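In the two complexes below, chain A is the common chain; its partner is chain B in one and chain C in the other.
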Partner chain A sequence: MKYHSGVRPFFLEMIFVLLFLAVSCAAVLRLFSAAHAAARRSAELNAAMVLAQSAAETVQSAESPADLDRLFRGDRKTRKDGAVLYTAGFGENGSPSAGDAALRVEKSVRASAAASGTMLEAEITVFSARDGTVLFTLNAEKYCPG
Partner chain B sequence: MNEGRSRPLQTLCMLLIFALFAASALLLVLAAAGAFRGVSAQVESSGRIRTSLAYVANKVRAGDESGAVALEDEGNVRALVISSQAGGEVCKTYLYWHGGYLKELFLAADQPFAPEDGEQIERLSGFSVRKAGRLLTVTAAGPEGETLSAAVCLRSS
Partner chain C sequence: MSGEKRPFPWVGIPSVLMLFLVLCLTLLGLLSFLAARSDWNLTRKNRESVLAYYAADARAQRVLRRVDEALREAGPGGRSAKALDGLSAEGVRLSAESSGEISFSVPAGDSRQLEVAVRPESAEGGRRYRITRYRLAAVGDWDGDDRHLDVWQG
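Coming up: the complex of A and B.
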């Protein structure tokens, strides 16, 4: 009888501890999964910001509207609503991607005549290629004299 | 008799449950440590690359005067050199990758360049600068080889 009275409470206690551990495990794993997703999202956003800023600086360095073709020569060029659209794909950390891209950078450049020159208006948008959400948007303007 | 026979079985069950508890706790700790290490490494790597790129880009923007930003090969080190005036003397700021670090060295223009003397800015597995026309492209590589490039337009040229 002495033996039973000692074992059963311990046995029950261990079962409760295991149940509690299982619940804790589920909560902790969900927490880490959320942390991983947040870190990944943050890395994507950082990369998106750098890519958008680089694209804006590239537009700034253009000498003429035709120069954009040289500057964005690795991009896919299309036309959309009267603007030229340059599209490039990148990995999730912003590195150049030849295959499946995690980030898509679109540079929509509209050229309009201004006083003795041309005004270039660029709208730069970085999308997550996974779900198509907009991660970052930046506008840049450049006046090309002549 | 029955009680006596079931004793070892109960002890075995208890030990099994205790072993299960210990193994689960250990697995949880290991999984959590692995996940934390992964997240931390990702954040650190991304931070290192971004900090380096932002640092170099801001240095270039701050020293962007006509002809002040150039690329120079000093021995087997390719450096981004930003010339400036300090106390009436021409000085040069060298930004380069040496010994696994992005380094910075500020010298008078007539002083010899010694790459090992530079101040360590950030640990990187690679760093390069390319200049095409007015566009300077800075590329930094993290510890796992992931690269990120930032472009800076030289407005003075």
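Coming up: the complex of A and C.
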């Protein structure tokens, strides 16, 4: 009888401890999961913004519409709705990546010529290559006189 | 000693350890969540700032186009800053400076503005203007010197 009175409370306590631990861990895991999702979203948006700004500054450095082909020479060039579309893939660290790209940057550049010069209107969109969602969109314009 | 009764006989070492573990995990989870959330808020602010800057930049480029058109219409002889003084382009007022430059500023958010100045060129056939200033500046004057900073004096 003495044996039973010592062991049974211990096992009862252990059962309650494990149950409480399981419930607490479930709640804490949700907290960690939410923190991870927020951190990931933040990192993706930051990377997308850096890539979009880089593309916008590249458009800004163009002296004429003809310069764009040279400036985006590593990109895939297509035409869409009267605009020239330059597409490039990038890895998670922002380095150019053709194969397993984590981010895809599309630069849709439209040139509208006038008597005094040409206006370049670029719509830069950064997609997540994983699920194709738009992470960031930036519009940039450059006036090329002449 | 053996006859003494413990105040909580059902609470043993496993319960105490478990409570400590759960407390630590909760604290860690809460801190990481708060850090991630503040990081996300900072990223959103940065996003708004970037969008405001490039919107102002695009507007400034459209103003430059209007300035270039005006200078082209004026011809090589009439290209002067005074001719464009007070004109409005894209909702931005142009002003002539004493240095012979045309300047304008475009708001880029609540506290910043893009300041641009161009100098008309009178040479025939070449560029009609040269950009002499293109910078992002604070709207208000710096008043940090008047504020009392509560820092450690050593």
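The definition used in the following text is that the second predicted complex is superposed on the first by the 136 of 146 C-alpha atoms of A that agree within 3 Å, B and C clash if a C-alpha of one lies under 4 Å from a C-alpha of the other, contacts with A are read in each partner's own complex, and residues count from 1 in each chain.
Throughout what follows, contacts are C-beta pairs under 8 Å (C-beta built on N, C-alpha and C of every residue); 3 or more make two chains touch, one makes a residue touch a chain.
Note that the structure is a prediction, hence the values are computed from the model and not measured.
Of the two partner chains placed by the overlay, neither chain B nor chain C lies in contact with A:Thr78.
Look at A:Leu138: by the touch rule set out above, it reaches chain C but stays clear of chain B. Once chain A of one complex is fitted onto chain A of the other, the partner contacts of A:Gly146 are limited to chain C, with no touch recorded for chain B.
Look at A:Ala115: by the touch rule set out above, it reaches chain C but stays clear of chain B. Residue contacts after overlaying the shared chain place A:Ser95 against chain B, while chain C stays out of touching range.
In the superposition on chain A, A:Ile15 contacts chain B only, with no contact to chain C. Overlap of the chain B and chain C contact sets on chain A: residues 10, 14, 17, 21, 24-25, 28, 32, 35-36, 39, 42, 46, 53, 60. The part of chain C that touches chain A in the complex is made up of residues 9-12, 14-15, 18, 21-22, 25-26, 29-30, 32-33, 35-37, 39-40, 42-43, 46-47, 50-51, 54-55, 57-58, 61-62, 64-65, 68-69, 72, 127-129.
Every residue of chain A that touches chain C in the complex is listed here, in rising order: 9-10, 12-14, 16-17, 20-21, 24-25, 27-28, 31-32, 34-36, 38-39, 41-42, 45-46, 49, 52-53, 56, 60, 114-117, 119, 136, 138-143, 145-146.
On chain A, the positions that touch chain B within their shared complex are 3-4, 7, 10-11, 14-15, 17-18, 21-22, 24-25, 28-29, 32-33, 35-36, 39-40, 42-43, 46-47, 50, 53-55, 57-58, 60-61, 63, 71, 91, 93-96. Within the complex, the chain B residues that touch chain A are 3, 7, 10-11, 13-14, 17-18, 20-21, 24-25, 28, 31-32, 35-36, 38-39, 42-43, 45-46, 49-50, 53, 133-135, 137, 142, 146-155.
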